[in-house]
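Each structure below is given as C-alpha cells.
Two complexes are shown next, each including chain A; its partner changes from chain B in the first to chain C in the second.
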Partner chain A sequence: MFLKEYFGTIFNSVKSLLTGMKLTGYYFTHLKEIVTEEYPDNRATLKMAERFRGEVTMPHNENNEHRCTGCQSCELACPNGSIKIITKQEIQADGKKKKRIDTWVYHLDMCTLCNLCVIACPSEAIVMGQNFEHSVYDKKQLKKILNKTGSKLMEGVEE
Partner chain B sequence: MLLGQDHITEEGEFVINMGPQHPATHGVLHLKIGLDGETIKKIEPHLGYIHRSIEKMCEQLSYRQFIFTTSRMDYLSAHINNQACVLAVEKALQVEATPRAKAIRVLMAELTRLASHQLWWACMGLDLGAVTPFFYAFREREAINTIIEETCGTRLTQNYMVPGGVMMDIHPNFQKRVKEVLKQIKEKAHEYDELLTGNVIFQQRLKGVGYLSKEDAVSYGCSGPTARASGVSCDVRKLFPYDGYEQLKFDEILNTEGDSWARYLVRLGEMKQSISIIEQLIDNIPEGDFQAKTKNVIKLPKGDFYQRVETARGELGVYIVSDGGATPYRCKFRSPNFSNLSAIPKMAEGAKIGDLVAIMATVDLVIPDIDR
Partner chain C sequence: MVITGVCLLAFLVVLCFFLGYMERKVAAFMEIRLGPNRVGPKGSMQIVADTVKLLFKEGLTPDGADKFLFNLAPFIVVITSMLVVAPIAYARDFQLWDINIGVLYVSSISSMAVIGILMAGWSSSNKYSLIGAMRSGAQIVSYELSIGLSLISIVILSGSLQLSEIIESQANGWWIFKGHIPVIISFVIFIIASTAEINRAPFDLTEAEQELTGGFHTEYAGMKFAMFLLSEYINLFVVSAIAATIFLGGWMPFHIGGLDAFNHIMDYIPSSIWFFGKTFLIIFIIMWFRWTFPRLRIDQLLNLEWKYLLPISMVNILLVTAMAIMGWHF
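Presenting the complex of A and B:
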C-alpha cells in the first residue's frame, strides 16, 4: 500500500511537470502564435492609439497660425506647473491693443501627461501628440516652446 | 538603519536584510529578518524608501488636480484609486455621476482588476523561480492595456476619472475589443492551470505555508484577497456598494484555509468574477452623457468626507477634510498594502526563509502604495 502511494505521488508529480512542458513545447513549435513586437525594429509600422498621450503639442496650420488665445486656462489646470505662458500686448490692424501669446513654454520633464490642460483649453489649441521617444542627454532640451516663431492667432478663434 | 543597531537582535540571532533592492520585494521594500538557522524568528519592515508625500502634495492641488497623484500609489489599480477620489468629491458635492459614466467606471475598474491580478499571477511564478508564466500572463495583460490605452490614452496611470463622470467617452471599438479579450482569456484559462496551478512544486511551496488566522487578519486590518483567504468577508463592493455594484451579480470569493494556497485560489476566483461583471455590463452601457455637469472650480463644503473602494489588493479609503476652499485642508489615504504588509511578520513566523518570498508573492504587495 505504501509503495503504491509512493510511486503514485512520483507519477502524478512527473505528469504535472510534463503537462506544463507540453504547453511550452506547443508555443516553441508554433511560431505564428508569438505576440511579441520587436521594438525599435518595427518603428516604421508602429502605430499608437489615436488618443495616446505622448506630449503636449500645439498644431499650426499651413499659414503658421495657431488657436491659442493666451487665456492661461491650461496653466491653471496643470497640477505640476509644467506650463508657463508669457503674453504680450499686440497692436492690431484697427489700432486696438490685444493680448496675444509671446512664448508658450512647456516643461516636458515636469509633465505627467494627465490630459487636464487639454480638457481645460476652451479653444482646442493644444492636443496630445503621438511621439513618445523623449530621451535626451540634457534636461534643458526638455524645455520646449510650442508656438513656432512668427506664428499668429488663427482668425475667428477669439470670438 | 544599520545592522544590529536596534532591538531586533538577540544573542545567537542571525540578521539579514532583504531589500530595499531585492527583485522579489517588487520594489524598494526593506525587510530586516531575524533568523534562527533557517527559520524566521521575526521580521521588521522598514519603510520610507519611496515616500513622495502624496498626502501633503494633495493639500496644494485642487479637487480636479489631486486625482492624478493617486495613480502613483497603487499603480496597478490606478483606475480604482482615481475612482475613490472622484467618489469622495462627488459625495461631498452631492453630485451623482451619470448612469453611463458609472457603467464605464465599473468596466474600467474591473478591467484594471483583471490586469492587476494577471500581473500578480505572472510575478507569482517569477518569485518562485518559474519565468515562463510571466510571459503567458503578460500576453493577456497586454491586450487589456491596449484597450485601456485606446480609450484613456495611457496604459498605466490613466487619470480617466473626473468628478461627475469620466474624462472622455469610450472609444467606438471598446465593446468589440473587450469581448475579444474576454474570449481570449477564457480560451487560454486552461494554460494557467497547466503551467502553474497544477504544478506539484508550486503547490507544495504554497500549501500550509504562511498561515493567517481569521482573528489575526481582522486585528491587523487586512483587506482584499489576503483577508478573504482567511475567511473574513470584507468585499467593499458587496458591503458598501458604489457606482452601481449593487445591481451586478457576482460572488465574494471566500476561503477559510488562510494559507498561501488559499490566497492564490481567491485571486484566481476573483479574476473569474471580474470577467463575469464585465460580461454583464459590456452590452448594457446606458446611453447618455458621460459626464455630469460640475462647476469649473470645485469647492467642497466644510466638513470631512470618507469614501472606500475595493482595489485589486483590498480596501482603499480616501478621507478628505475640507475647510470650504478649493483645495483639501487634509487628505488621508488608507492604503490596503500597508495593513497587509503588517500581517507578513505574523504569517512568516516560524517559516523558512525561502517561504518568505512565496508569502510575499501571495500577499501581492505594491510598495509605492505602502509609503505613498
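Presenting the complex of A and C:
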C-alpha cells in the first residue's frame, strides 16, 4: 500500500511535469504563436482589440449629423464629472422649440475610461474609440469638444 | 600550457555570452515573447551591451560588509567553476588534463562552489543574502549525494574513473543505450540533481527573487555581480558536458551495431560537433526545465532528495552492480 502510493506520487508528478514541458515545447517550436507587439515599429498596421477603450468619441455621419439628443444621461452616469453638456433651445422648421446640444465637453484628463457613459446613452450617440496616443505637452489640449461645429441631430433619433 | 589555458578562458567567456543569449531567447520563445531583438542582428549583441554596462558600473561594497571576504567571494565562485572545466574532453585527442580520477575530481571540485556562495552571503551583512546562502548550503549537501551515486553507476560499468577511458568504453554504444533502464534512471537523476547543484530553477531558491531580492548576490553590483553570472553559465556548461561525457559518450559518434554504412557516415561528422551537440542538447533541456517548472519550497526540495532521489539511486546502484557482475549490459 505504501509502495503503491510512493510510486503513484512519482508517476503523477513526472506526468504533470511532462505535460508542462509539452506546452512550453509547443510554444518553442511554434514561433507564430508569439503575441508580442513591436509597438512603435508597427504603428501603421497596429490593430487594437475591439473592446479596447481609448477615449470617448462621438461618431458623425457624412452629413455632419450625430445622434446625441442632449438628454445628459452620460453626464449623470459619469462618476468623476468628465462630461459637461451645454444645451440650447433651437427653433425647428415647424416653429416648435426643442432642446439641442450646443457643446459636448469631454475632459480626457479626468476620464477613467470606465465605459459607464456609453452604457448610459439611450441613443448610442457615443462610443469608445481605439486611439490611445494621448500624450500632449499642455493639459488644456485634453479638454475636447466632441460635437463638430455646425453638426445637427440626426433625423429620427429623438422619436 | 599557459597558451591553451588562456585560449580556454577566452573560449569560456565567449561561451557564456552565447549561453546568456541562448537562455534569453529560449525563455522568450517558451513564454511566447520575442526576446532581445534590438542590439545587433536578432539581438545577438545584447549580452555584449549588458557586459559593457556592467563594466562601467560602480563596484559597491556595503559599509557593514566584511570587505575582504566580500571582494574575494566572486573570484572563488568563478575559479571553482573554471577548475571543473579542466578534465573535459572536447574532441578526439583534445583533452587538457587527462587525470586518472577525473570523475572524482569533477564531483569534488564542483561542490566547492558553495564555499564561495556561503562567503558571499555571510560577508554581505544582509539577512536576505545569508538566508540564500544557507539554503544553497543545504541544497548542495543534499544533492551532492545523488550526483555521486548516479556517476558511480557509470564508473561501475566502465570500471574507470578516468574520463578518457569512460569515453573509450562507449565506442560500441553510449552507456545510456548499453545500460538498459538503470542507466536511464541514473541519467535522469543526474540531470535533476545537477540542476539543483548549479542553483537553477526550479531549484533556484538560493536567489529566489520574489522572497530574497536576489539571494546571496543581493549586495553585489558591476563586474562582481557579472562574475556570479559568469560562473552560473560556466557551471551550466560543465554539468551538461559531464552528463554528455558520462552518459552520452562524449565525442563518440552515434553507432548502431551491424549497420556499417551508417556508422561510417557518422564517423565523418567531426568529434567536436558530436561533443558540443550533445552538450547543447542537455543545456537546452536544463533551460527547458527552468522556463517550465515552478520553484520548489525548501521542504519540498529536501523531500525530493531524501525521500525520492536518494533511495531510488541506491536501489539503482544495486541493479547496475548486478548488471555489471552478470555482464547483462552490451
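FYI, the second predicted complex is superposed on the first by the 123 of 159 C-alpha atoms of A that agree within 3 Å, B and C clash if a C-alpha of one lies under 4 Å from a C-alpha of the other, contacts with A are read in each partner's own complex, and residues count from 1 in each chain.
Definition applied: a residue touches a chain if its C-beta (ideal position, glycine included) is under 8 Å from a C-beta of that chain, and two chains touch if they have at least 3 such contacts.
Just so it is clear, the model here is predicted, and its values are computed rather than measured.
Just to be sure I read the superposition right, which of the two partners does A:Glu38 touch: chain B = first, chain C = second, or both, or neither?
After superposition on chain A, A:Glu38 lies in contact with chain C alone.
If you stack the two complexes on chain A, which partner ends up touching A:Met128: first (chain B), second (chain C), both, or neither?
first
Check the residue A:Gly20 against both partner chains and state whether it touches chain B (first), chain C (second), both, or neither.
both
Can A:Pro79 be said to touch chain B (first), chain C (second), both, or neither?
In the superposition, A:Pro79 touches chain B alone.
Going by the contact rule set out at the top, does A:Phe28 touch chain B (first), chain C (second), both, or neither?
A:Phe28 sits against chain C, while chain B stays out of touch.
Applying the touch criterion given at the start, work out whether A:Ile119 contacts chain B, chain C, both or neither, answering first, second, both or neither.
first
Decide which partner touches more residues of chain A, taking chain B and chain C as the two options.
Between chain B and chain C, B touches the greater number of residues in chain A.
Please work out whether A:Phe52 is in contact with chain B alone, chain C alone, both, or neither, and reply first, second, both or neither.
first
Which holds for A:Asn12: it touches chain B only (first), chain C only (second), both, or neither?
In the superposition, A:Asn12 touches chain B alone.
Which chain A residues are contacted by chain C in one complex and by chain B in the other?
Comparing the two interfaces on chain A, one with chain B and one with chain C, the shared residues are 17, 20, 23-24, 35.
With touch defined as at the start, can you tell me which chain B residues reach chain A in the complex?
These residues of chain B touch chain A: 61, 64-66, 68-69, 132, 139, 142, 146, 149-154, 157, 159, 162, 167-168, 171, 191, 194-196, 198-201.
Provide the residue numbers of chain A that touch chain B in the complex, in ascending order.
12-13, 16-17, 19-20, 22-24, 35, 49-53, 77, 79, 112-116, 119, 128
Across the complex, what residues on chain C touch chain A?
Residue list for chain C touching chain A: 26, 29-34, 288-289, 291-293, 308.
Within their complex, state which residues of chain A touch chain C.
Interface residues on chain A, with respect to chain C: 10, 17, 20-21, 23-25, 27-28, 31, 33-36, 38.
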